[in-house]
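Paired with chain B in one complex and with chain C in the other, chain A is shared by the two complexes that follow.
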Partner chain A sequence: MSGVLARTVETITGALRAVFAAERIADADGFLQRRDPRVALCALAALALGVVLTRTLGVALCFAALTAALARLSAVPLRRLFARSAVVPLVSALVVLPQAVLLPGDALLRVAGLAVTDAGVAYVLLFTVRVGVGVALLSLLVLTTPFSAVVAALRDLRVPVALVWVVAVTYRYLFLFFDELQRLVLARNSRTTGETGLRGGWRDARRIAGTFFLRTLDRGERVGRGMRARGGARPPSPYGRSRRLDAGDCALLALAGVAVVASGVMRWSP
Partner chain B sequence: MEPVIDARGLTHAYPDGTTALRDVDVTIRRGERVAVVGANGSGKSTLQLALGGLVAPSAGEVTYFGETTDAEAVRERLGVLLQDPDDYLFNTTVREDIEYGPAQLGLPRERAERRVAALADELGLTDLLERPPFRLSGGEKQRAAVASVLAFDPDVLLLDEPFGAVDAHYRARIRDLVTAHDGTVVLFTPSLDAVPEIAERVVVVDRDGTLAADAPARDVLTDRDLLSDVGLRPPTTVRLFAGLVDDDAIPLTVAAARDLLDDARSALDPQRRR
Partner chain C sequence: MHIPDGFLDPRVAGLFWLGSGVAIGLAVRRARGELGDERTPLLGVVAAGIFAAQMLNWPIPGGTSAHFVGGAFAGILLGPSLGVLAMTAVVTIQAFVFGDGGIVALGANLFAMAVVDVLVGYALFRACRGVHETGAAAIAGWGAITVSALVVGLGVGFSSAFAYAVGTTVPIMVVGHALLGLVEGAITAAVYGYVADARPDLVLGRSADEAAAPEVGA
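Up next, the complex of A and B:
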């Protein structure tokens, strides 16, 4: 089958598989890869909290620089980090864009009779940078820490078992389901000749959606059995990769702690 | 020998109305090597899932180790390998998948790591341990799934077509690992060629989900009428030697067939006889 469905499926599946490719970076020898997963999780979450708290563009840019430095130290290509983190802030920028003309302030320019204010532009920029840096920090965690280590760290940090379970199972099923969809499309392609056109593509999409739903349910049930066969009915308990904290762990925790406290103080100081 | 799995009156119907099992009684005893054979769609896999406590039968009961009917209570003692390795491999790397069972079932990490390394070496997975399972070939996935179930060293192995898409070399390795397993083995398969090397007893599931036979391997594998009735072909060696020698003397394995042919050649060749 050609057309929009096949392209969409291939794009989504490719993006998901790129997450698996991130495991290779997680195996590289870099600053964050050498950190205890609990420390990496706490520190990057704290930095994300710090950047969300700030109301100053300069501070947000400092967090951006810190994120870039951590990526550099961890052998994560900045271009790749940017590519992985760009979509969410761009969408959020579109959502808050009207604020550029709605917020009162000095007019910078006029567009279609509307005044774009300095305060409005500053707000849109700050919002976008905050979201972008937050997403980049979480991407950095995913890129530098194997998923099983993140799950083990969540357990070590006494995060409620139900939440850890939901995170672990969602992550695993997501890939399985898109693999299932790709198999369906491949099976269809192998028996389709010629162009189906837009209308034909949508007709196929309708049919495949129903089959996909049923196969997803079936696959989910079978994978569930596969998990139960190996103790999956019990709470997730991957082997922890955590160890004694070293100087690098302490330094990262201290840095994150100082950053989040400073950000909070700057926000709430009179 | 004490029963490790004792199933009484197992009946199972799927929601679409298909009855996969009908009033099945089967007892597996400690240390036994049993093959459950049947044609496609006869209910072998459903029987495996029911014996492994992964499907609640519509009727009947399974008792484990003479102690409990709750399979989860003895999960670490039951090694259930499902038919499709894709149902088994869902972690981000092969290593995590093989470690999944030992971790969930509470094996110490050091012991699990040793076990993973040994199995990976035996099944040619050492270089694949850090790869995502979806990037493996069909045979590699099957080997990883077999390693996953052997990793926590269960007392009872319930293996549904463990040879899948595996090539001849690793088929022999898997067979050796299974025969060397210090416990009970139940093999579910529609192909009878692998049965004589593993099983001493054969349970035959008919196409309507009832049990057609439960007898020593030789009795079942040389009963061409029975096998034909249930839609199965006898092992290659049986088809080859049937009618040439008495049923009692039919070799069930290739090695036994070679021995028989060697003996025959010696008998015919005067020089060798001398």
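Up next, the complex of A and C:
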């Protein structure tokens, strides 16, 4: 394989590997996996809101501990959760790092003539932990709740049916199109020897992307004809409906509710 | 472009949810009017194609690569309402399957990438296509990314959770994405040109109903 274009196969493989790894964990028997998907979605969203609301490092660390406990109860290896969630907060920390010297406060130390302030360090730590916990909560949802269950939850939560169908059909065809694109790139690689220059790479990418979109649109037309042949007006079959909430569901909702209210009270209390 | 949780305060995140909720709601209503309930899901097939096309590595100088975002292309190919719906599906799956962005920040990500990117791309293409069609696609791709970055810069800059003010966030986001947007514009033009040459009937405004795939838009 040659050129930047050939790395598309690695990009697709990496994405698929992440999805399959997440699905393996979602199949495990854990606390979040046993929850109703509506509850998992709402509770993790509430916890994410709670951590966004906080302005105190201690409270943000409590949310981090709660996230770790939920991961532990849900058979999610903490190392995997950390690996998935570490990059974004680290980059975010680099972005806000100058605030350690820009924010006014008592000087903790001097680096190259610049005073690192206590307020600056506190802000950088709080921001990094807040972003890290937010990313970890989303990762926890991805790792413990299959997307088909999220789609079912969206339906039950009264998201417009047409939108839910579009999302469901997109997901259903996504992996087919990953495979189609991969085959196009592999076919191009098998015809190519040596390194391809920038101009040649663009010519190939244009051809592959154009052919790929034409096949995509053609597939859309064939799916439409197939639907009409099967009776026309029937929409794609929906994913399974959610069940009745159990005690664990109610406990998780209550925990998330208390956490978000407590975080809000602490934020706005004088 | 994806904003993670922690960058936006609840007020700004809420405003973005409100904006994307209204825009996507209007798009759903118009799409149902245009396509009917039973054919709207077919849009998902095209959305899946746009998502998969984002995986293609386009070479750029320096030996590195760039990726297609596709919002402007969705607007050009499908029109504003269907384009918004297609990109909503893409951004939602990016969040809940691949973990891109955040749960609270999803409203902002939808607003930037599924609403502004599509609508600005569509509007620029419509405005410029009379002069040069492929050039209009390039301007649409570039302008859509740049304006989306402006929206993200404003959101993050007005957020009390982020220490940098609008005066810092907007120039950084806009200048950076105006440069990256050149690649998006070039990719949009390249793909548009190829599709328009091969299937002129699929391209916006070239057929009577301004549709994409006939089964989707007829």
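Everything below uses one rule, namely that the second predicted complex is superposed on the first by the 176 of 270 C-alpha atoms of A that agree within 3 Å, B and C clash if a C-alpha of one lies under 4 Å from a C-alpha of the other, contacts with A are read in each partner's own complex, and residues count from 1 in each chain.
Here is the rule we go by: a residue touches a chain if its C-beta (ideal position, glycine included) is under 8 Å from a C-beta of that chain, and two chains touch if they have at least 3 such contacts.
Nothing here was measured: the structure is a model prediction, and the numbers come from that model.
Visitor: Thinking of the overlay built on chain A, is A:Ala229 touched by chain B (first), by chain C (second), by both, or by neither?
Guide: first
Visitor: Is A:Pro160 touching anything from chain B or chain C once the two structures are fitted on A? First, second, both or neither.
Guide: Second partner only, chain C.
Visitor: Quick one: name whichever of chain B and chain C touches more residues of chain A.
Guide: C
Visitor: Applying the touch criterion given at the start, work out whether A:Thr56 contacts chain B, chain C, both or neither, answering first, second, both or neither.
Guide: Touch status of A:Thr56: no partner.
Visitor: Looking at the overlay, does A:Asn189 come into contact with chain B only (first), chain C only (second), both, or neither?
Guide: Neither partner.
Visitor: In the overlaid three-chain picture, which partner chain does A:Arg219 touch, first (chain B) or second (chain C), both, or neither?
Guide: In the superposition, A:Arg219 contacts both chain B and chain C.
Visitor: Output check: A:Ser148 vs chain B and chain C. Expected answer is one of first, second, both, neither. What do you get?
Guide: Once the two structures are laid over each other on A, A:Ser148 reaches chain B alone.
Visitor: Starting from the residues of chain A touching chain B, keep only those that also touch chain C in the other complex, and list them.
Guide: After superposing on chain A, chain A residues 147, 172-173, 176, 219, 222-223, 225, 227, 232-234, 236 contact both chain B and chain C.
Visitor: Going by the contact rule at the top, pick out the chain C residues touching chain A in the complex.
Guide: Residues 4-10, 13, 24-25, 28, 31-32, 37-49, 51-53, 55-61, 63-65, 68, 85-86, 88-90, 92-93, 95-99, 101-105, 161-164, 186-187, 190-191, 193-195, 198-199, 202, 212-216.
Visitor: Show me the residue ranges of chain B that touch chain A in the complex, using the header's touch definition.
Guide: Spelled out, the residues of chain B in touch with chain A are 49, 52, 54-55, 72, 75-76, 78-82, 84, 86-88, 90-93, 96, 99-101, 103-106, 109, 112, 130, 132, 134, 148-149, 152.
Visitor: List the residues on chain A that touch chain B in their complex, please.
Guide: Listed in rising order, the residues of chain A that touch chain B are 17, 20, 23, 27, 146-148, 172-173, 175-176, 179, 219, 222-223, 225-234, 236-239.
Visitor: Tell me, which parts of chain A touch chain C in their complex?
Guide: For this pair, the touching residues of chain A are 3-8, 11-12, 15, 18-19, 22, 44-45, 48-49, 51-53, 84, 88-89, 92, 96, 99, 102-103, 123, 127, 130-135, 137-139, 141-142, 147, 150, 160-163, 165-174, 176-178, 180-181, 185, 196, 198, 201-202, 205-214, 216-225, 227, 232-236.
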